[in-house]
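There are structures below to look over.
Both complexes shown next keep subunit A, but they swap its partner, so subunit B is in the first and subunit C is in the second.
On to the complex of A and B.
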């Protein structure tokens, strides 16, 4: 067990190293000039000498390799640098945005997972019927719907016309941080989470349907039916667990997609999460913040896949046995 | 004799092409009787089991009658009145413990104890109940599947190829087990291409060729050169066996 954990952590370190190197190289090749982005419109007032001084102060005059080593060394000592946009340490920005994003992604993930598995299971159990056709049609419709468009639609209906949900942000305007309750956070996260989950439902549903149809063709299902199990009893006794294995891996692997989707949802709803922060950082040349969020995202997706592996071990006794042997 | 299962002019065909896979199958089974259904591979033996249990694939349809004690068989008869011993050990759910799988078939108050009793009767350890199918040997898995016939309250047992792949000892045990089931008063439809098993267990033998029953005859007629067998296919099948005239 301990060996497996160490191996996994080693993989995480290698992944983070690869991601950090690749991102650093891409950012260094980008046309965004960090000094120009930092100074902004006052750039004309900066003399070439002053610019050189800033470059030297930031270490931008050093070779690329030296810059990378310095950046990595700082990160390893816990210093992610200072955000150029927010003028505060990157860790503070991330800590502030992380909770909002996690709340949004977790809500969307749970809703799309539950609804997707439920609809996919019903469609598979009723394969070929009108219920199956309606559910599949609904999924195909969702798959061809752009996320931003759906977000705007929900915003228009539920916020503007019906006035049930707020039009944006992650907390009420004018409230101090101390006064914001969990309910306020949830209330503001529902609409963007709904946008994310409605899109996510289609994939989970169609995948669950296919997997359950495969399971329903197996000899053990035929035998279970010969033993008198049908409908919901058959599903509960044999279908659910066997179908959950592939469904879980797909759903946890969708952490990455969800993160990408969150960027769009956060933009539409002006929801200040990591997604919006990374877009701002990219567009305004806030390289320290951008690189840090990329690394955090990699850890996030890695942990999602890791949880899926652990659940696989819990659910599948064959893998558990193999795991114990190794 | 009390007829328990009646199959009357049962035909199975493709819904689209109307190509017949089984045609006008008729036989009946009474309490304590064993009817062996033999035939070459692909003759439709297992399909007949599925048709009786009304578990045909979506693209197949059937016509004719399958009656249990005079009433048309429906899905409520499955497991309760008619039960299937499957051909493959893959019929065990890979993610469910063996004990729980057997428990689902036994309709008694103390099903846990009943499972343990059944496993003991089959010469399996009590710990087998807590194991998953992948932890069993092929022979053990076969015996677990046979508990379906012993533990279920059903009075008709369809045994689909219960002996292939078993070593001599395991095969002997399986035949003994099915005899025990027969002695308990259950009717058995033994689907097999193992003539040896059929001759040891059955009262009558039905021979299936190209989807049709060509002959139903007393098991005693399978002797000598097959001079008492009526149909040429039955004779050819009997004579093709290695222990008969195949090498002569």
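On to the complex of A and C.
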């Protein structure tokens, strides 16, 4: 087990290294001028000599390879640089937004997981009936729905017309950080999380349905049916456990989609999370912040896939035995 | 069976062709600005009095064109890379590693990264979409090819001295064709939705382009003043188009997987 974990961590390190190198090379090829992004509209006041001095100070006159080595070594020592738009260390910006994003993603992930498994199970148990058709139709409808449009609709209905939920941000306006309660945070996260989870349901639901249908074709189900089990009892005794594992794994492996969805949901609801930060950083050329979030998202996806792998090993004794042999 | 396939595709293409009949410049009519949907303006008008139906159709046209180009490009890229992967085990490892690398970042983050590097615009969107959508199809094609390679007739052909590209052309390609078609039809709507979201976020097409993403991100400023039609109808139209295409894709997949289509009769 320990060896497996070390191997996995090594893979993560190699992956992060590759991602960092690739993104660094790509970003250095971009037309965005970091000095212009830093100084902004005062660019006209900067003389070429001053510009050269800034370049020398930042090490932009060094060859690309040296720049990369400097960047990666400072990251390894925990220094992600200073954000150009927020003018504070990148770690602070991220720490601030990380909680908001995780809250949003976790809420959405739980909601869509539970709803998806439930709908998928019902659809599979009633395969071919009108319920199955309705659920499947609903899933296909969601798969074709642009996430940001759904967000706009929810915003329009619940915030503008009905006024039940706030129109944006992660806390009430005009409150200091100390006064914000967890309830405020949750209250502001509900609508973006709802958007995210409504879209996320489709994937889990269709996968669950597919898996449960496979399970229902097995001989032991046939035996159980012959013994007189049916409906909810058959599902609980024989269907649920066998179908649960693949469904949960798929859900964990969907972290990448979820992160992408969060970017869009946060933008629609002006919810200050990592997604909004990456959009702002990209639009305004804030390279240090941008690179840091790219790395974080890679870790995020990796962890999701890793948990999915581990779940198989932990929950399925057959795989565990096979794993030990090889 | 056939009808399921043809009708959605026909409608889809009809809307696309229809959109070409609209003039490129939609007239500004300030006397009729901010009008709610009515019989003369089915989708209402925006703050410059432009008819939203025409704008939406133009946007759909752009989206479909973009989607088609990128789906074609990423399918070709997938095909090329999967064939390269079969050359030898070294190449195979390289390709698998590339797939893993691209799947290790969320699609949208990769996309933002590429648009950022290329400075957005049409070129940025096309390349970004191409580079984010190839891994899935390459995986499928690679698995298929690995299996094909062990087939006796391919081995015999190899022993008879047929070159690698000859085998690729005459043995692999005909077998991959259905997969390519399915891959294309799956990527196409995905690419359109991704294009709309990236444009919405501000990394994609520029604000002068009549894209759905632009229309929707503009409409956000008018939501609180109650102009719901600006966001509702363009999004709904995009959704309808996607649904039409999805119906076609499902029927098409079913049609290609004929060995599985008996399921229709036994469980229906």
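Rule of thumb we're sticking to: the second predicted complex is superposed on the first by the 322 of 326 C-alpha atoms of A that agree within 3 Å, B and C clash if a C-alpha of one lies under 4 Å from a C-alpha of the other, contacts with A are read in each partner's own complex, and residues count from 1 in each chain.
Here is the rule we use: a contact is a pair of C-beta atoms (placed from the backbone, for glycine too) under 8 Å apart; a residue touches a chain by one contact, two chains touch by 3 or more.
All figures in this text were calculated on a predicted structure; none of them were measured in a lab.
In the superposed pair of complexes, A:223 makes contact with subunit B only, with no contact to subunit C.
In the superposition on chain A, A:238 contacts subunit B only, with no contact to subunit C. Contacts of A:290 after superposition on the shared chain: subunit C is touched, whereas subunit B is not. In the superposition on chain A, contact is made by A:27 with subunit C only, not with subunit B.
In the superposition on chain A, A:128 contacts both subunit B and subunit C. Looking at the shared chain after the overlay, A:316 reaches subunit B, while subunit C stays out of its contact range.
Within the superposed three-chain model, A:256 lies in touch with subunit C and out of touch with subunit B [touch as defined at top]. When subunit B and subunit C are set side by side, the one touching more residues of subunit A is C. Residue overlap on subunit A between the subunit B contacts of one complex and the subunit C contacts of the other covers 128. Taken together, the subunit A residues at the contact with subunit C in this complex read 15, 18-19, 22-23, 26-27, 29-32, 127-128, 140-141, 143-149, 152-153, 155-156, 160, 167, 255-257, 259-260, 263-264, 267-268, 278-279, 282-283, 290, 293-294, 297-298, 300-302. In the complex of the two chains, the subunit C residues touching subunit A come out as 100-101, 103-109, 112-119, 189, 193, 196-197, 200-203, 212, 216, 219-220, 223-224, 226, 228, 231-232, 235, 238-239, 242-243, 246, 250, 267-268. Against subunit A, in their complex, subunit B makes its touches with residues 50, 53, 55, 58, 75-76, 78-80, 83-84, 86, 88, 90-96, 104-105, 132, 134-135, 148, 152. Residue ranges on subunit A touching subunit B, taken from their complex, read 128, 218-220, 222-230, 237-238, 241-242, 245, 315-318, 321.
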